[in-house]
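Some structures to go through are shown next.
Each of the two complexes below includes chain A, the first together with chain B, the second together with chain C.
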Partner chain A sequence: MTNSAETKELTLTEELIAYIEEWKDKPGNLIMVLHKVQEEYSYVPRAIAFEVAKLLDIPLARIYGVITFYHFFKLEKPGEYEIKICMGTACYLRAAEDLIKEFETLLNTESGTTTPDGKFSMEAVRCVGCCGLAPVVMIDNEVFGKLNPDQLPAILAKFSR
Partner chain B sequence: MNIKHYCLVCGVSGCKSSKADAVYHQLLSAGDSSGLSGEVQIVKTGCFGLCGQGPILKILPDETLYVGVKPEDAEEIVKEHLVKGKPVERLMYKTPKETKPGQSYRKQLRLVLRNCGVIDPENIDEYIARRGYTGLEKALSQLKSEDIIEELKISGLRGRGGAGFPTGLKWQFTAEAEASQKYIVCNADEGDPGAYMDRAVLEGDPHSIIEAMTIAAKAVTASHGIIYIRAEYPLAISRLEIALRQAREYGLLGENILGSGLHFDIELRLGAGAFVCGEETALLASTEGKRGMPTPKPPFPAVKGLFGKPTVINNVETLANIPLILDRGGAWFKSIGTEKSPGTKVFALTGKIENSGLVEVAMGTTLREIVYDIGGGIRDGKKFKAVQTGGPSGGVITTDFLDTPIDFDSLTAIGSMMGSGGMIVMDESDCIVDVTQFYMEFCVDESCGKCAPCRIGTRRMQQILNRISKGTGTLDDIEKLKSIGLATQKASLCGLGQTAANPVLSTLKYFEKEYLEHIEQRKCRAGKCKDLVSYTIDAEKCIGCTVCARKCPVHCITGERKTAHTIDQSKCIKCGACLEACKFDAVKIA
Partner chain C sequence: MSKISIKINGIAHKVEKGTRILKAAKESQINIPTLCHHSDLQPWAACGLCVVKVEGSPKMVRACATDAVEGQNYITHDPELMEVRKTVLELMLSSHPNDCLNCARNGSCELQTAAADFCIRENCFAKEVKSLPLDKSTPSIVLDPRKCINCGRCALVCQQLQNVWALEFINRGYDTVIQPAGGALLNESPCIKCGQCSAHCPVGAIYEKDETDAFTAAVRDESKHVVVQIAPATRVAIGEAFGQKPGTIMTGQLYTALRMLGADAVFDTNFSADLTIMEEGTELVHRITGKDKSPLPQITSCCPAWTDYMEKYYPDMIPHFSTAKSPMMMQGAITKTYYADKKGIAPKSIYSVAIMPCTAKKYEIGRDDNMQASGHNDVDLVLTTRELARLIKRSGIDFLKLKEEPADSPIGEYSGAATIFGVTGGVMEAAIRTAHVLVTGKELGEINIAAVRGMDGVRACEVPIGDTKLKAAIAHGMTNVRRIMDEVRTAREKGEAPPYHFIEVMACKGGCIGGGGQPYFTDEKIREQRIAGIYTDDEKSATRCSHQNPGITQIYQEFLGEPLSKKSHELLHTKYKPLPLYQK
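Then we have the complex of A and B:
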């Protein structure tokens, strides 16, 4: 929950307000609302979490507790393109670690971080469910399968334009 | 319109990522330009199970199966096969050791996957045409609640999520509980790494889940259903949304379903990436919008579940069986598979296997049949080492047990477990200690931290495994692993902790020798534990081709052309690139 200067300006979009209105009276709505927030902003900004707490009448601490429990929710803004390297068992056995190392070299950043220009963020994720194509990398919603490290520069080039 | 051919293109996640969409569009345009419009119907369908060889295309009525189809192949297929009637041999499916196309399907029995790869999952009419919703109709018009549960009990169906609890009994507990509101929950939070059976069903046959949940609603008198699905499966989510909408339009969900007086509807709730939510009490907490932490059982969810109300929770594959059981009868289902585990099981066969993909076999099929007859054996001519079933909760099965008929009880008896259906094949180049450490790291990450045995036990086991793989383990560590493992098994609150030690205990049982090699000789026979490995070049065998020197990412191999090369050990990062590159067998692991 950093970047206070940036997040202060963020306000709830109309779509989000309508969505919260729709879900407000349904029990157990918090996770669904957080999904919508993340869909909108690509992470859960602190300022927005405050608004959600008010609208749903849920303490901020509980929202924070839920966000940090689940891998899916992010507190920091990810890169423009999110590189997810599958580290499920099938991919692990087929040397997915080599892909992580190669991405780290190519992007000059560590797994779990974002490049300084905000273009790419990379993280190792659990099974994306394409085990037949191991090892697999997902960039945004596009899946690249049966990869070896030599193919990565060309894939990155596709997104670097 | 007189349709002569149907082209079924796999349209689920695995094949989509290998450009199946482009194949679909190329087929459409090639069909049009060959003047076949009206004679050929091109459909996007569900998983054929040959995910390693996608994109997959099947042509009906002659049942030709094409694999690895590229967009540019579409025109040839249309011109040769559809126009001239000559199948394109080079693209036809074959496994390496077999000659007849389609042989690996022979040992399979597709019940759960009955519609996957056959129907268009976005079209309810196609599901209905394949006897879809017949089971529901029967349940609503001919059967009382008790009859439905009785039919399930006769079938002997056991939960496919891992534990194998009898489904009929589960439903009966909820049916007998008194409450103003009851819930039907579908567990579609498939978190086991290396398993994607549920994804295939949700993407390829979503109506089967809706039908089954509605049958459950009648059996226990529930009015509200929830499908808890992983957010990581966007295609499955959108297919379910379409299917729910269509079911409502057809009066198969909502008020007074098929005039029977049953009111029932289903909504989707998204998971957010927590393996522990596969545990039913944790899943319910998450559905209630909380941190997904388990609670002690009893009370069981069947009696006190979602929002404190009686709740039926079944996993996707379990539900997919239910319409069939209602339609064809429990006795029919009972006749398939083994005495104590009737029916079939879908496995995600992955790892070092020739044909990776989804396979569905009758319970009681042997592992040998799955790995060799269906899977085509080990990749790259390597030697079989073990199969891991049940993921982070399961164990390994070695060569000695290849002929064990697989069902819930036989796998438990040999120290593994059915789990949700991940089946990962390992060959001689995989290190047992390394893989076990991988699973333990997973459990450490995914332990919710609520109970100490799981939170601390998994961490301690992971530290010990890490030590062994670095060559600093001691013989005491073996005993420590065993005692911590047993304590974690016995004292943990939920299924995650109770099974987290299984990979350790099972590999210690069958591969203790490899653990000892790591400890006593500081040796990793597979060459995976980097701290125990060094690469050298055999001067006798090296012809100085320079390939290894060029491949080395840190440039630590030196030598003149046509003279033997050497590796600078102080710079070597042990990546193994030289070993892979050498064609003369000159690079050795020590």
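Then we have the complex of A and C:
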């Protein structure tokens, strides 16, 4: 869950306000602004969604319609490291599901959530574009291929330091 | 508009250019099934039930959202189309609870009717019903997302018709749910409780909070003196639940039925509509003459969905609001004071019930402490027209055969001006009829004020009252309000004279006759018929103006003194305060 105390303190940066001003009257502004917001905060914090609604004069409901429609947008703060387990066809056939189960056991959390210490978040994604390495896991921008569950503790250890 | 020639199932028809296939077929006496389309809304092709074939094309098109084209022959019904539609229904039912017997829409559900027509006898697909919690947070309506078929009518009504944006499609595909943004419950969202979502929902996913059992318990409680009032709009709509034509006036039958149900006294909200005009009309005259320093235009406040909207969306307009309470709340306050005194009944033993066309009225009775002006809940219970119809049916009352009885005295009689409160423009017309006398001392020559009537979403006109030209504006359907409010705001910012003296707002299209608690299947035609019923009721009334109602003269003589007196202010007026759009 998002830390609510932290969310309350969040306010729009001056850069974001300037960006919103620039896009205010242009068509397609909402998606551009939301991208920028996620770039800044790594997710779309609720408090910021309220601010954007006010500045763009768009109902909050419309913003939530958009950010819950596209999987790209996150509603909760991701972990320091984002683990993406590919569930595209090739990885799926090469037992990517076992990797998910192993990560869930190792991190004691469910796929799609973040560990309580905020270190790791994990989610299943569609094809990451290197099927030859299936099954594939990406942690931040690093790709790990041809994996089996036994290799995962060592990989996590690398990031836990 | 030019006409085009098309064929529906090989039979030639002429329709207006730009007519959608669904409407063209309807005009040609062919009904194409649909669960998402509604004539109040822009079509958006969600349910897929209305697919038809165009002769010569292999594709099926959605009739609700496709324009009919000159020269085309549309096949609306053939074995293949029937099979496709049946499969669409079966897929919908595969994620539907199918607990029809326990459902609020049992007997009036469009999905149930379609399933019956298509002779669905078994579950062809594996059942997968999502387990989602009910949202019972508002005092007015309940959301049951398990029943939702994602047709989207509620969200579109909330956004297009009402401009409230409490409901939105959240998530995507199979995970789609229609609910407020940001994890808010309905009561924490901008929802104004107008209930238009519940009136448009084809299934039992949104429905009014049924409180008929509370009524039954009250009338069985010997220590309680149950007093009922009925709203103007209920009398011209409740007949529909018993197979009558929309607009049939059932006032007398309602009084009789309520007595049979156990009410100790039956009054009429219309009495207090007349009272509202005395208070609000005097307030308007005082604002115009400068005796009251509150700003012009004065804006009506009878509609609880509108007051809720204004507190959330237009808090800067609060000083413009008439401080007069709604007729329902005035009636409640005088029931537990004036009536209680006269009858020698302790106010605490009175149980005050209101029959309303409106779900927001359930919210209004508890909106703040001013709703206990008598020292008790001025109104204890609100039942919508739909709930009352249900109660009458299950109590075994043969409603259509009832003899017509009069209301009780002294707060039961009403003028024609009161009954038109139920339609858009009605409060304005009633106010003008009395304001004319307050300003000039003379009765209006022509009592019917055509300029304020009609169904246009926004209407503005000037009505001469003595030497003054009263500038009036009327809006109904919340989307239409914005234009007028922005006009007033702009004038204020520029330091110009206000563009209007008096603005009437009703949240629902057509006014209260189109309220969210009225019988199902309301559309433009039905609204017009109910409106005609209301104007008929006005014309056959013994008095046509609020100040002519003898009961009104009496209550001022015996109890209130004069309009805007200290006592009036204590009992009949209230205050408004800004509210956040989201309470969480």
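To be clear about the criterion, the second predicted complex is superposed on the first by the 157 of 161 C-alpha atoms of A that agree within 3 Å, B and C clash if a C-alpha of one lies under 4 Å from a C-alpha of the other, contacts with A are read in each partner's own complex, and residues count from 1 in each chain.
The rule we apply is simple: a contact is a pair of C-beta atoms (placed from the backbone, for glycine too) under 8 Å apart; a residue touches a chain by one contact, two chains touch by 3 or more.
Keep in mind it's a predicted model, so treat the numbers as computed, not measured.
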First (chain B), second (chain C), both or neither touched by A:F69: both
First (chain B), second (chain C), both or neither touched by A:P116: neither
Which of chain B and chain C A:G88 touches, first, second, both or neither: first
Which superposed partner A:L60 touches (first chain B, second chain C, both, neither): second
In the superposition, chain B vs chain C on chain A residues touched: B
Touching partner for A:F50 - first (chain B), second (chain C), both, neither: second
Contact residues common to both interfaces of chain A (with chain B and with chain C): 65, 69-71
Of all residues in chain C, those that touch chain A in their complex: 159, 165-172, 180-182, 190, 581-582
Complex interface listing, chain A residues touching chain C: 46, 49-50, 59-65, 68-71
Contacting residues of chain A [partner chain B, same complex]: 27-32, 34-35, 65-66, 69-73, 87-90, 92-94, 98, 125-134, 136, 141-145
Chain A-touching residues of chain B, taken from the complex the two chains share: 13-14, 16-18, 50-54, 190-196, 199, 231-234, 269-275, 286-292, 307, 348, 350-352, 356-358, 388, 391, 422, 424, 426, 430, 435, 438-439, 442, 448, 575
